[in-house]
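There's a structure below that I have some questions on.
Chain naming follows the written order as A, B, C and D, and within any one chain the residues start at number 1.
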Amino acid sequence: MAKMTMVQALNLALRQEMENDDRVIVLGEDVGVDGGVFRVTDGLIEQFGDQRALDTPLAESGIVGMSIGMAVYGLLPVCEIQFSGFSYLNFHQLESHAARLRWRTQGQITVPMVLRTPYGGGVRALEHHSESREVFYAHIPGLKMVIPSGPRNARALLVSAIRDPDPVIFFEGKAIYRAFREEVPEEAETMPIGKAKIVREGKDLTMISYGAMMRPTLDAALELKEKDGVEAEVIDLLTISPLDDTVFVESVTKTGRAMVIHEAPRSFGPGAEIVSRLMEKAFYYLEAPIARVTGFDVTIPLFSRENAYLPGVHRITAAARKTLST
Amino acid sequence: MARAFKLPDLGEGIHEGEVLAVLVSVGHKVKEGDLILEVETDKAAVEIPSPYTGSVKEILVKPGDTVKVGDVLMTFSNGVEAEPVEAERRMEKPAEAPDEKRAVEKPPEKAKQPVSETRTPTAGGPVPASPSTRRLARELGVDLRLITASGPAGLVTAEDVRAFAEEGKQALALPVAPEVKPSEVKPISIPVPSLPDFTRWGPVERIPVRSIRKATAKQMALAWSQIPHVHNQNMVDMTKLEAFRQKHKPEIEGKGGKLSITVFALKAVATALKTYPRFNASLNTETGEIIIKHYFHIGVAVNTEDGLIVPVIRDVDRKSITELAVELNDLVQRTRMRKATVEEMQGGTFTITNVGPMGGGFFAPIINYPEVAILGMGSSSMQPVVLDKGEKRHEIVPRLMMPIVLCIDHRVLDGADAIRFMKVIIDALEDPDELLMTMI
Amino acid sequence: MVMGELTQESEVLVIGGGPGGYAAAFRAADLGLEVTLVDMQERPGGECLFRGCIPSKTLLYLAELIRDADRAQSMGITFGHPQIDLGTIRKWKQHVIDSLADGLVTLSKKRGVQLIQGRVAFEGSDRARLYDADISHIKFRHAILATGSHPSSLKGVVFNEEGRVMDSARALELADIPETLLIYGGGYIALEMGTVYAALGSHVTLAVRSDRLLRGADPDLAAPLIRRIEKTFDTIYYNTKIATLNETKTGVDVTFDGEVEKPFQTFDRMLIAIGRTPNSKNIGLETTRVKVNERGFVEVNEQQRTSDERIYAIGDVAGGPLLAHKAFHEGKVAAEVIAGEPSAFDFRAIPSVVYTDPQVAWCGLTEEQAQKQNRSIQVERYPWKFSGRATTMDTLEGMTKMIIDPDTKRILGLGITGRNTEGMISEGVLAIEMGALAQDMALTIHPHPTLSETVGEVADIFLGGATHILPKQNKK
Amino acid sequence: MPRKKINLPYNVEYLSVLDEKGTLDEKLEPDIPEEILLNLHRAMLLGRRFDERLLSLQRQGRIGTFAPVTGQEAAQLGASVVLRPTDWFVPSFRETAAELWRGRTMESVILAFGGFSEGARSEKKLNNLPVSIPVASQILHAVGIAWAIKYRQTDDLVMTFLGDGGTSEGDFHEGMNFAGVYQAPVIFVCQNNQWAISVPRSKQTHSKTLAQKSLAYDIPGIQVDGNDVLAVYVAAHEAAQRARTGNGPTLIECVTYRMMMHTTADDPKRYRTEKEVETWRKRDPLSRFQKYLMDKGLLSDDQIEALAEEIKTEIQAAVDHAEDQMKGGVDPLDMFEHTYAELSQNLIDQKEELKKEIVAMKEKNDG
């Protein structure tokens, strides 16, 4: 097994799926000759030609609308929206059609497409390049919303997304694109969409997070273990919608304490849904209020202030200690 | 060169000790083996012999000091050889002893001068040895310059290096294997609130918690937090056994023993342990295994002025009442005088604590981690007992009754086991003949 | 990257992909560490592979062929006058470089070493900035500095692509075969390049500041080489400096300051080979705790640690003999220390080889060094005129020299001049590392007839009984 | 630094074959097989009658809101006729007549407008997309399908429809642009019916024609009399040839008129004059086509009479059939179907929740 960054792992997933199935088409702005602005589609045009790694005009709605058409015809388009901050220009295509054609036609016409897009802060970017707006998509019936947290699960989930019969929105954390490397097996590997995962076992507290926030969350768990002897159980959601509540509900019935960490704004964020599920399904096991460590309900500041906005180890451990002492 | 003598690792779980007495003074000539220090550790007072022959250069401790394993206690001079670098490496913290400073500047640590100079042999040159031998020396932390070479024209061989490293180890009585720490599984730790200032309500005195007290505190807190305890009380009719005991007391005393109830209890427990081996076990939470021990070493809680100490009697099952009576008596005496050795404190598989002599009644002892059960005995007293005479005839008679408590680790054992186990003990104690049977 | 600054984390960051750098990277990877190797070139190899050892040895081999073809005449075989096709020579040289460089890329991939092309500058003891790369920062647990060195120049002289004043790298590109070439410097690079150009037909003039060539090697070892050079080169000026230097379209005007009858001369091209300067500037070392000495070399200890606990330095930038094989070993040491192994750069003999004709090779203690340290030694020499093999090859100018400790009889140094000494010297290196006695060498059977016999026989001389030379007492 | 005109070799054609009275310009008469001509006529008549019937059903409250097509039969059918079954048909929401031509059943139309999602089910094998209500958003799907067709190297094509209002949407322009860049085999049929609800064509864009919008993307554009089925046919036929031979997309502007309201929920009197409607009624595509066919001796009044009867019963059958289904009622739990290929646990739970609710209600009503 070779160690890879998330960028390389995603590239491997695309490459292998394209090799296995000529219905897989990668399209978007700069995905061809340039190999994608983050190099995720690097080398695909050389290997598969400009019809499989398709450079499109600069029009998000066009890219997604066209992908819908391709999928309707029977291809498996994987389109890239250069930054999730620009995906609002294609929002109606997702909401009005990608998410609905299966329903509208009573299952006759389906849209097996993937929309890949980088999200999240922490890379000192300009405005519109640091948002974390997964709830927009998670809120739409008919779409699936997936956010990997590292090279290995990113590769496996992207393969699953490409093979999924429904449209999948696939968020890639810019901050972890190249931050660290993991062993990624050469042979194709998949991961079920809609299944959360316990990445660290513990008995004292349940920490629920996903995507780029998994790193500070795990670091915090480590610090809690070292400094306070607290055994936190850490859960990686991996899929935001459909949300798998079985894992964190079961965990909380064991620990009695829970916290949610995400960089999206707090109000109406994923945390709100997670907390509600816990209220519905684990209320009587709770020993303390559920903490939410999230972005604030403001536009994410430009990068001189973004570190204060993004949940960090300190904010997470502080909230954890508060929860533990109630 | 001076040689530092550090507090050696005295075995299982001992990290520090309190210096009771310094038996030598500076300039004092000592031979290897001469006693030089008396140190009280968590488990016992130990007399420490000198590892060297030479004269005492400095004494860095005084009675009352708390010293940690690895701390330098005194240094000896005899100018022959210095201890291997290995020893320096093992320092918990660089102590202030002068030779430690030198150690920090040993070659491997020293910054290189412009290579052209350092790498050409200087007069006398480097110690001749093959690259692999030099690597081995680094692995074992041996300074080649200290080795007497066996090879041609002073060539140091791999064998020379190994031999030297061995001596070094022995000289320092350093453990080859790392010590086994009790697994530190913490419970949900809610930060311990700091204490209020008690002087606000009146005068107070502060006594440092040390050695035995500290050890007991740690051991008990660990046991109590880790082991879900279940207590089973019962009464034993000691009337027959007490008669038996009084009858044989003198002859045992003749043999230098003391025929206490505990002696019989030892025997009874050994029998029960053989019948129900699960009581003679430990739980390994990491591997999720129950470790059953095929030896029966039973600890007996002894109350000393310094606190509670639990010396262990080995192979109780293979010893006669008389032997036990003698051994227990001797062990208790020595323990009270703090003369019992560390080894005699270790390896117990079950513990008996008898508060009877002090007039204790029912009580709930804490299991001696990592054991899984403990037997507590109270003081016997005459009590009215209803005897069943058959044909619905009952009779109230005075009998000598003793309260006993068996505490078990519910992770390993259940109440049912406890009751069966107690049954064996009760039967044995109530019927001396039965007990004697087990001795043959 | 069009937007934002991506940071990558790495257990071991190796800066510089030369022999030291890639040796360190590979060893670290083999020890299970996660390694990122950054170099300004697309492929590993560094100066040695692209602009040093490898290309120069490729050309020196051709020079050797030319000379052998010429020598053959006196032995009865006559080849025509060599036809030199610079284009093909350059292609061949490039082919050699490519095949080796591609090999290194494959080795990196297979080992999971991540190769990044870019320029690195430290921003502290745990992070570095990358320029001209896809990621902008690397956060590292350990860094191995292997940035190497570059050819030194004269005040005010800048080497540029088309210039007629060249450094060794430029000279190896063989832009043309200058009618006249001035080489300034007396080290092995100067001598090797001179040998190449002379063989290709240039008229080579050599100017050197000191009164001798090849300092570092004992004079008696250098002598045969110098005798040869005096034939193949036009002139050699000792104790001579360059006073003025003026590059024109047609040539280089030089005024010499020293033992020169014509102080003002013009040459088609000039090669400056007066040493190398460590690459320790403009890499942000000031943001770390790394100490650099007055000569620009990074200070390290036996474990290649700098004064910054996270940062190690190896190869040229860490000082010592600027040799690839020394860098190899330092690289491995650094990697092993990082992996927690008790390694140290602990060597008794680092071999030096000058690939001229004749070749000069030496290791361990030299006679001169012993004198400086006024250390008592015994020196034995074996002139090759007594060697059967040397005679068959008509290379009688050669000589094998052994430095021995008179008390312990231990071999302290070995020096050889002649043909194929590059292969022979290793026996001396092993002997010294093993702490072998002269007797060990003498009692070791050497194949006959070979040049390596001379190493055994020089030890015999020391013991008083070489087969092909009369014992001392019988002399005079 | 010159400043000069760039001469783009470009112009917008206008085509009309039959005049308002239905008199033919022989030079331009296309050669269409009789059979097709008659089928086309039947489809136009069916479209007209079905529209009328839907309106009456709506007015009686038997179905919900719908968008009438009357007046635009020539525009949408004249174009659709050139399609093969393997071609793709991507409608907007005012192509009912063309949808029927493409194989959609009248029942399904009635069901859809009757509020039954079953009505929107469009059989995959028909290669039709369902109506797309967000204006112009379907155009991009057509381009995507067309790209895929090209990728698969068949000579099929895609025909998509929009209105004059649609040309103001971004998706229209992105679609035209993508199609131009990829030379995708797609035909954009713009039914310029003069009104986007209450906004007249003149306020929709400053351009003289809608066809000229194609100039920006350098694809052929043509304006035709959208009430002249032959003109529409000719333009569509040429466009189809172009697409099938790898020569890319075409924009066809069919100048026509929305004779009825925007939807049955709308009252045109608020924004347009009866007079304007009258002038367009004179240009009715159906009667013009019928005159042409009669002149050619392919059709007689009696035949039209008979055909009308036939169609009437056909429609009645569909209405009865659809209404039976609707009376049958629905199972609300079906709403959970077809959101995803498989129900997530969350949806299973919610479905269960609704089921309990329904049962409870029943018991309440029964008890």
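What we mean here is this: a contact is a pair of C-beta atoms (placed from the backbone, for glycine too) under 8 Å apart; a residue touches a chain by one contact, two chains touch by 3 or more.
Here the structure is a predicted model, which means the values were calculated and not measured.
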Chains partitioned by contact, chain A not counted: B, C | D
Shared interface partners, meaning chains that touch chain A and chain D: none
Between B-C and A-C, the pair with more C-beta contacts: B-C
Centrality ranking, top chain (CA atoms only): A
Inter-centroid spacing, chain C versus chain A (mean Cα positions, whole Å): 53
Euclidean distance of C-alpha centroids - chain C vs chain D, Å: 81
Chain B and chain C, separation of their C-alpha mean positions in angstrom: 63
Chain centre separation (chain A, chain B; CA means) in Å: 54
For chain D, residues contacting two or more additional chains: none
Chain A residues within the chain C interface of the complex: 2-3, 5, 37-39, 83, 123-126, 129-130, 174-175, 177-181
For the chain C and chain B complex, residues of the former touching the latter: 293, 295, 297, 299-303, 307, 318-321, 342-344, 346-348, 350, 365, 369, 373, 375, 405, 408-410, 412, 433-435, 437
Chain A to chain D touching residues, read off their complex: 25, 51, 56-57, 59, 61-62, 64-75, 77, 92-93, 96-97, 101-110, 141-142, 144, 165-166, 194, 242-246
Interface residues, chain D side, partner chain A - complex: 88, 117-118, 120-124, 129-130, 132, 134, 137-149, 151-152, 170-171, 174-175, 177-178, 181, 337-341, 344-347
List of chain C residues in touch with chain A within their complex: 1-10, 34, 109, 112, 114, 134-135
